[in-house]
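Paired with chain B in one complex and with chain C in the other, chain A is shared by the two complexes that follow.
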Partner chain A sequence: MLELSSTPLVIIAILGTVGVLLPIISIARKEKGSNSFYAVIAFSALIVSIGYVAYQFISDNILPSALFSKDVLVDDAFGGFFAIAMLIVAIFTTVGSFNYMRKKNYPAVYYSLILLSTIGMVLVAYSTDLVMLFVAWELMSIPTYVLVGFIKKNPSSNEAALKYFLFGALSSAIIVYGISLSYGLTGSTNIGEVIHGYATLDASLLPLALLSVGMFIAGFGFKMGLVPFHQWLPDTYEGSPPTITTLLAAGTKKAGFAATIRVIVLGMVVLNLDWTLALGIIAVMTMTIGNIAAIMQKNLARMLAYSSIAHAGYILIGLAISPYSTLGLQGSLYQIMNHSVMKGAAFIAVTGIVTTLAVTNIDKLKGLGRRMPITSLGLVISLFALAGVPPLAGFWSKIVLFGGALDAGSTIWWAPWLAIAGVLNSALSLAYYGWLTRKMYFEGETEKRVSEPKSVIAIMIFSMIFLVGFGIYPDPIIKFVEFAAPTLSLDIMP
Partner chain B sequence: MTNELIDFVLVSIALLGIGIYGLSVKRNAIRMLFSIEIIINAANLNLVAFGRFLPHSGGQTLALFSIAIAAAEVAVGLSLIIVAYRMYQNIDIADFRNLKG
Partner chain C sequence: MADVVFLALSVITIGSAIASLEFRSLIYGSIALMGTLGGIAGFFLLLDSPFVAMFQLAVYVGSIAVLILFTVMLVKRELIFKKIEDKRRKFVGIALMLIFITALGSVIMDSGIKSITTDEPAVDFRTIGADFLIYYWPALILMALILSGSVTGALVLARRENVENDQRTD
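== the complex of A and B ==
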């Protein structure tokens, strides 16, 4: 049994209460537009939650990564790691909305939906039962459909929301179908028992088991933006409010990876190791197509969207090599944590630019370094961290990932090629990040400085400290990743 | 006359096929939404059928969850479609072309 003081239950209690109360408060107060009031409430709820997760880690109440449990939720280090990453993203989104949502309608509903979606993301990482996983997945997805289309009068926002909704609903339909097949084959929805059932499955039923795992990959892959399933992603990221894009790119995508590690990677170990080659091929395609498409973009949000597709590819390298090297999952988790901060900061910088200048076209960003110096500096640092330039934090996570791929090369012949593809793609991505930086700093006439939104400045300063600080001194975060990364072996069956 | 498990599974797979066909051929937003609903219901049929042949009721429980969640999802989807209809007087998603590149 889970105790009442375990982390997931406390997070549900805090965020759920505040998330439900916010719209009620707004009805009781009978006024519109007091955005900062609701933002402060939502922000404090998120701070309390992340404080509780950190307190649980410090006081050693958290199990080391136990991937299976008889309950529907397990309070382990793997879930806690993802909870911290996602709560950071939710805090970014809330703080970034401080200026963006000013003079817009229904702020209470907006923050309430962000909190509810955050509960869903956190629960996906904690769940050890397919029913819980599915309910949490939907709790994460449904609020984001509304949030993407939140600006009702804007045709792009609505179009983005419709495309996102159709693909998102398809992905959850496919996931239910996969769950139904695995339930029929093994007679249980507990992930541990499902995988145990797959290991002892009759050989004639193996194709159905492979079909169900394939459906999980497709369903989670839609959210992660892997390459055959990525068509909705650039449109949605471009059209939705930039704060919500932060939540999608840095938050829900990571929840997809959490679910993948919980379900697919373990199932892969049991079923058939050839699946890793399929994941490796998807990883290389995702990186390459994402980066090549990003080079041709004229819109900043769209370029970052394609770059986040490419980053899903880097993270997938770690999953593909996870059965052969312990560094694989560690690298993935490390990259996930860094990517949350890097991509979150980049999209919050876009929010700042949209709020003050109302442009996202790259040609109109000439001389941005002089007009909005702090925002541009934060954007440039997060872009270079995304490319993996030393001594920023993104460099170390890529080192661990590609080192893991080389390490796995002793048991599997194609693993080093993943590292080579990753390095080439990083170099390619540096090209368009550098091009954008040149536009921002070395082109355009001398424009006057405009006043930057204070909330955006706060996030930029936090992420600069995070990226540079953990780039120079990466030890604490590497230790944390080693503690949180699950060990893949079949001895930990329930 | 008794119903075998394989009958239910075959119907469910046929429904899955119909749903995927509808999604790939139709461009009307409501038709696409219906296709997705057909896939979800195929999964529900699977769950209930498997649950009937197993000694516990986990499958039926999950089917109830999935029906409730699908209802919430459709509510959100239809409201998005209504907003689109007010803007374009049309719900053909091939005509929504603000975003591309």
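== the complex of A and C ==
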């Protein structure tokens, strides 16, 4: 029985109340501006929420990764892990918007939609029922459709919103189809019961079970930006407000992975399917295509968008090998946590650059290191962490991921190739990160320092401490990942 | 008999869906959409789910389609929509859709789905209601939040900020 003090319900209560009240307060105050007033309220709600999740962990009120539950939600370590990652991203987005949303219309609705979308992201990770998961998925998606097109006078923002909406609606339809097939086959929407139903399924119905898993891969794959479902992503990331790109790249993408782990990976274990090889191939394609396309970009936001596609590929390595090595899921979760901070910081740096200099073309970023030193340093550290350069945090997550692939090599012959592909791709990514760093620090001479947005500076400092700190001393985060990662074997059957 | 009704409903549903996409007039398109949504209600009736069918009629045909119709009549649509038709893309889209449907259909038809017998009685609507309040209640709260977010978001997007002139196509 779900208790009222359980983490997901408290998050719904806090963020839901504030999210619904913000527009009402704005109507009552009869004013369009005062961005910082609404930003502070949203920020406080997010801080209270993340504080509550941390308190639940510290006071041992959270179950170990339970995966299944008789209810639609479970208050387990897996959900808590994703809740912390996503709340960090939501805080980044809100703080990054302090300066970006100044003098823009409807700030109350803007922050309200961020909070509502955050509830959706977090609840996807806590869901143990397909209907609940789908409703949370829609709560995460619908506010972001509006947020992407929030700058109505900007045609590329409108284009981004339309593309994102159409692809998003398609992915939702595919997920619903997958849910309806699994419900038709098993008579339940509870993930535990569905998987139990799959385990005892008549052999003649197995193709339909496979089809439903395929539908889930395609539906969640759209949001994760996996190749070949990634076409919408660069245009959307480039056209939407950079703060919202942070939310999409570092937040909603992770919800896709949470849903994948809850549904697909577990389905694979039970159905004894060789979806793993398919996931491995998709992982290699995703990281390679993402990195090659990123090299060719001249726009910073677009380059980061393709880099984000590549990173979905790295994370997928862990999912592909998860039935064969415990390090697989641990590596994926570790990379997810780091990626939230690394990519979040990189896109917030873009927000700072757009707010101050109104440029995103890489050629115009010459001498950025002198003009915006703190933002540039934060950006460079996040980029090198994304590439996996030691001693930054991104290095350790890649070590665990690729180590997992090598470990799985004793069971499946192709797993070590995933590690090799990952290392080669990391080297490839260094090429464009290094090129960007060169532009920022070693080109241009006459640029003078400009005033950097304080909110962006705050995020840069936090990210630098996180990435360098957990790079030098990764033990706490590794222990957290070990606690949160579910063990995948037939023993966990409900 | 059921096969004939099923075929008739399929023709109505798919035909109206194509018509709603193809009609130049948004009003006719909206009316065709009502046909699609009504056809789906017919499928639910065939599947012994009268409760869901009535909901489909009341919510989708009765309110959502009517709302769309009202919106279409109130919006100065000629200012917003520009007609661009790319025949090549259209045919590629149709071809992709046919491949997808054929692949999906063959997987479903080849599986043992025909062997499933469903002689269970229709689910009582009281059971559905009880399930919503006992098991799915957190999902209901999220649905309320989705509605709240959708309404406020739509209001902001629909509000005019001299967008009309920026997007005038002629």
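By our rule, the second predicted complex is superposed on the first by the 492 of 494 C-alpha atoms of A that agree within 3 Å, B and C clash if a C-alpha of one lies under 4 Å from a C-alpha of the other, contacts with A are read in each partner's own complex, and residues count from 1 in each chain.
Throughout what follows, contacts are C-beta pairs under 8 Å (C-beta built on N, C-alpha and C of every residue); 3 or more make two chains touch, one makes a residue touch a chain.
Please read these numbers as outputs of a predicted model, since none were measured by experiment.
J.: If you stack the two complexes on chain A, which partner ends up touching A:I119: first (chain B), second (chain C), both, or neither?
T.: Touch partner of A:I119: chain C, not chain B.
J.: With the two complexes superposed on chain A, say which partner A:A136 touches: chain B (first), chain C (second), both, or neither.
T.: Second partner only, chain C.
J.: When the two structures are overlaid on chain A, which partner does A:K152 contact: first (chain B), second (chain C), both, or neither?
T.: So A:K152 meets both chain B and chain C here.
J.: May I ask you to decide whether A:V359 touches chain B, chain C, both, or neither, giving the answer as first, second, both or neither?
T.: The answer is neither, since A:V359 touches no partner chain.
J.: Which of the two partners, first being chain B and second being chain C, lies in contact with A:A54: first, second, both, or neither?
T.: A:A54 contacts neither chain B nor chain C.
J.: Of the two partner chains, chain B (first) and chain C (second), which one does A:D235 touch, if any: first, second, both, or neither?
T.: first
J.: State which residues of chain A lie in both footprints, the one left by chain B and the one left by chain C.
T.: In chain A, residues 131, 135, 138, 142, 145-146, 149, 152, 155 are touched by chain B and also by chain C.
J.: Quick one: which bits of chain C touch chain A in the complex? Just the residue numbers, please.
T.: Contacts found on chain C: 104, 107-108, 110-113, 115-116, 135-136, 138-139, 141-143, 145-146, 148-150, 152-157, 161-163, 166.
J.: Okay, in this complex, where on chain B does chain A touch?
T.: The contact residues of chain B facing chain A are 9, 12, 16, 19, 23, 29, 32-33, 36, 39-40, 42-44, 46-47, 49-51, 54, 58-59, 61-62, 65-66, 69, 72-73, 76-77, 80-81, 83-84, 87-88, 93, 96, 98-101.
J.: Residues of chain A touching chain C in their complex?
T.: 2, 8-9, 12, 16, 19-20, 23, 71-73, 105-106, 109, 112-113, 116-117, 119-120, 123, 129, 131-132, 135-136, 138-139, 142-143, 145-147, 149-150, 152-153, 155, 202-208, 211
J.: Applying the document's contact rule, which stretches of chain A touch chain B when the two form their complex?
T.: 130-131, 134-135, 138, 142, 145-146, 149, 152, 155-156, 158-163, 165-166, 169-170, 172-174, 176-177, 179-181, 183-184, 187-189, 234-235, 238-239, 296-299, 302
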